[in-house]
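This structure is in structure tokens; I'll ask about it shortly.
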């Protein structure tokens, strides 16, 4: 064994009692194990081992707790880097604390764009913040519309009827802007918008909404769910055999347990996702997804991209600059373009050319995926022969299958 | 020089006659000294942060006690005042660029107003009705917050607030001193005429009315005072966290306040303060065992209450001091005779 | 012409179908002690509660020094100088007895500006002295016996420094010896003067009582209620010998 | 029509929870914050019994109710009864209890959302609205239970005793009522009902360790709106709030998340007019 | 002897409420207990009926003030100072407490029925109810009124009626005449002696010494928790000092 120099301490902060936090931790553990097994991080002429510090932010329940956890990471545990974070209301003050101590904080959960706007507006203070995952809410909308378009195309092809679209979005901040955009965009896409429903994020009964949707004649439902209502909605829609295809975002449907949770009623639910077994964005995807699956018995969700943040973003940069100096790493990292399991990372600049440390979206970079539950299996269905812009090359990742519509829609 | 000496002597006499005679007073004095001298011992930012947040919540818990412990108007929605204070100071700071010393008092003023608005419908409610009804207010406000994301930032809250002071120690002293001063004021209020009337209202409101006291005014006063102090703590919190979000309005926040206050001992002011200083750091302390944190917290609260149902502090106080059966003055538990009326203590 | 001290006009109150007080009218003078008697459920307590604003009358008026009391809040009425006791004692159970009385001393009427706690306490003590329970001043009110609670009620009312004192069964539950003492104190209070720091102008009183023997000794005039209406009115002797009163209330040989 | 069905279901559930909650409040003046936590425990019990051990759902339901009742009685005996004289302490104890249940469930089942399969699958259509059999079943069962409760409380001596102890424990003792045993029995009934509610409702909702929070507040709102201690009141109020929620969802679909706020506002409005709740008893002089 | 109290002592923390009290009541007797306010009359009745022990139990659990209860109470040949209050009622010793204490939020009828809680026989229950209504016709008219809204005297009637409902062997009544109008008071005393003549033993605490001494077979005078004197009314009235200082006659 080589003689270890000092260790690199990386704080992993997240709601550890919840899936999101668990994935944060799992991803990080996997990265640390891989790197340490390879002999650690080469910093200058020293080999350094990675040491993870777990911090439970408890941010869903208590924002104060989250900031305390961050402060503790900074001052008690004296970590060198931090990855994680989920609920925006908590990530904002956590970000502030990390910036106070000039520590690099790679966010792995909160989608809000304003986190990166801060970098553009006050670069010197906020430059230590990087977005790790997911891409920001604007892009989230764009992909979702692509998914919606793909779904609509299938409906049009198979049923030969005009597409009538309903929007069902849980009541939460992240859906706020998306609903507005969707209301404007859907008619432009050539579909009829039949209504918008906003159930509570933890509603346990949406039959009222479902009946109304069915009455409106919708055959495509644009869903925006991140919480338990995703299960309720999919399950009750399946039970009632509502003749419409659910497309959009349903975080619960990205998980393995979805089939069981809906008792199979979630068949044909179609949602954006980050990783699906059998689908490959790049040569890094398969080792990561399969490795993760082997190690933890489940497919990684996007908060497990703490793995990416450590293994692809931090470590190579540290090795390249040969030091743990945050400023140097920032300067290097923000100009880097690198491959990750979910595509390729390039940090964006805003309209005035100021760096935002936000992720670039698009073919060739990060695009995300969409999958569909087809008879008990979650399979990748998008991008499938996707043309991002007129004239652009068709994109189909390895392992994709065609999208299906529920058979009961066909009468 | 001589005058200074005299003052010093007076001070010493006061300390000897009034403070050193009772262990509880000594403890309070030590508490002041330790808090004020803290930075001399350690300047660990994490520790400082925990103490500052503890102080903020101590104000909150004491303000709850002022309303609920004393007048018996169980408020299960105390987060309302906290949230209003936080949001108002945040809005003023962000949009009108008011510095904290302007925005926090105005936030408190807004909380006072809220106290009035909530207090008026609550005037006719009693006991459990009141408790359960007040629980509804923060939830309603939360609905409003979510309904107006353009103003309130919705789920994200309002972030990027100015700090009260940019220096660690400066911040510490500002918060600590504010806390000590406010809590002393609250304690003084409850020790005055007003305090007696609050107590009486808790016991039997009709009888208070028939004693010629305007109970409406006093109940609203309780709501406003409590709102004022809670609003200040909300504003301080917002400026410390640099964000005011819907988490300040959550049910769990209201519950925490009640837990703190009851755990420490209701209708004492110092009880809730002490309880926050025990329970909040406890929650930090058990971080080394993250999965069981809440569990440990709950179990500790439960066990302590099982043995000290009146609250921790009154229990401790009863152990170290006892009341004189004749003149009801408190004495050190080890004394055989009362220090004032010299009646036998056993 | 001077305003009458207390003038009750056509006062009525009903609960659901039950008319508890029907169209009552009477007057009283500043220097009077008025006895109010009547069978159980006649509406005596209700009448007192109407006077102090604890209950709102359906119709009628109450003028005190020419001032309309109907519609005023209880505390305002008390601060005008009308104090009452509760028939079913309502002490502040968990407060010391002295604090029970201090609350009354803190009412705007009784409280002088800038008075210190000590002074208020002294005045409360004097009120307790008056009622004869000062030795227990520091005990909790919950430990009082029934008779002592009655006295506490009286002490509380007296401490508001009233001009018109409404006593609802002040002798209820007192032993004969103590009833006599209480009766004497009440007379003394009515005469006016000083009770320690407590200054008494010699309030007028309305006393509701079933212990007629002692009542007769202190009242100047008696009003008899029955089923919410005025049955008789007059000097104690007149009333006691009124056949209607005997039939409805006293019974043969009752009250002696 | 939709409004009616949704309203009925929500209302019935709230009624059951609220009545069982006010039961124990009525007897022992215990504000049992953990009430809905028991409901959660029952739901999880069913989940593990039917899901993990493959038990028949009906048997699962029965066992769940028993388990919860035993749990409730133990908690009462050892944690609440000793401090019963201190209302505030009891209150906190029940909050702590709820937290402990939540954490225990979290440790055992993790925070993932879970579901339980329905007793009867499928739906039927009334006037163009799809209604699950499970909903109808739930509704029917709830009505039956409510009926039994009504008889129990209004027509039997037990009910009389329960209400007497609620008002004056000391005097109730003088009538020969054993107040501590009554409290125990009531606690048993109350918790069993909470467990039962959880059991019946489990197939209709999504289970999570935090599922106790949502119904808690609505439950309390119902109790207050109806008038503390009044069963009739809780019953009516439950349906009022249930229908309000349903109406909000239908009238302002975009504001569905506001349903709780609106329902609570209605409660406050009603209380402004009738501080003692719809069917509560009040004394005029105490207004 | 139906009831015998020997060396009863009750202390609340340091305050001695009852001090070594001895007292007995024979079957069929009407015994009265008189004395100044705060003498401990009510406390004695509460101790007999198990309420002091009950309160002690509660205080002990809540770590509140300490209550000491010593001495023996024998009822019908059985020691009852160790059994809980609700079981004492079962044995036929019933207390009508002072200050009336109706169940305020229940109707008059429900109050009365609560009194008959231990009565298994419905028919008998109805009969007793009729008796109570005959005794206090006012209650019959008010049977659906909420008890808390009754007038003071009406509440007193209700309390007595409720105690009757439990079909007692020994009825302890604490100051039944407070707040009753003379006419009713007379009637109540008559009814009490009537009940006593029916064979129900009665232990009465009263202030109306003049009336009571005529009714009771024996009387106890209590002061500061001690028995000062006992005997028939005439015997006691003969004692000048007693008459002046304690009985106020």
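Each chain carries a letter (A, B, C, D and E) given by its place in the written order, and its residues are counted from 1.
Just so it is clear, contacts are C-beta pairs under 8 Å (C-beta built on N, C-alpha and C of every residue); 3 or more make two chains touch, one makes a residue touch a chain.
Computed from a predicted structure; not experimentally measured.
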item	value
Distance in touch steps, counted as few as possible, from subunit A out to subunit D	1
Centroid comparison with subunit E (C-alpha atoms), farthest chain	A
Pair joined by more contacting C-beta pairs (C-E or A-B)	C-E
Intercentroid distance (Cα basis), subunit E paired with subunit D, Å	42
Separation of subunit B from subunit E, taking each centre as the mean of its C-alpha atoms, in whole Å	48
Subunit C, residues touching no fewer than two other chains	15, 54
Where subunit B touches two or more other chains at once, by residue number	146, 206, 291, 309-310
Sequence positions of subunit D contacting 2 or more other chains	82-83, 85-86, 255, 257, 260, 285
Touching residues (chain side subunit E, partner subunit D) in the complex	49-51, 54-55, 58, 61-62, 64, 84-87, 89-90, 94-95, 97, 101, 103-106, 110, 113-115, 117-118, 146, 148-149, 162-163, 166
Subunit A to subunit D touching residues, read off their complex	17-19, 170-171, 195-205, 207-212, 214-215, 228, 231-232, 235, 239-240, 252, 255, 257, 260-263
Footprint of subunit B on subunit A - complex, ascending	16-17, 54-56, 58, 61-65, 67-69, 71-72, 74-76, 88-90, 92-93, 96, 112, 114, 118, 171-174, 176
Complex contacts: residues of subunit D adjacent to subunit B	25, 31, 79, 82-83, 85-86, 88-89, 91-93, 95-97, 99-100, 102-104, 107, 213, 217, 220-221, 223-224, 228, 255, 257-258, 260-262, 264-265, 267-268, 271-272, 275-277, 285-287
Subunit A contact footprint on subunit D (complex, rising order)	2-3, 5-6, 9-10, 106, 110-115, 117, 121-123, 128-132, 135, 204-206, 208, 210-211, 214, 246, 249-250, 253-257, 259-260
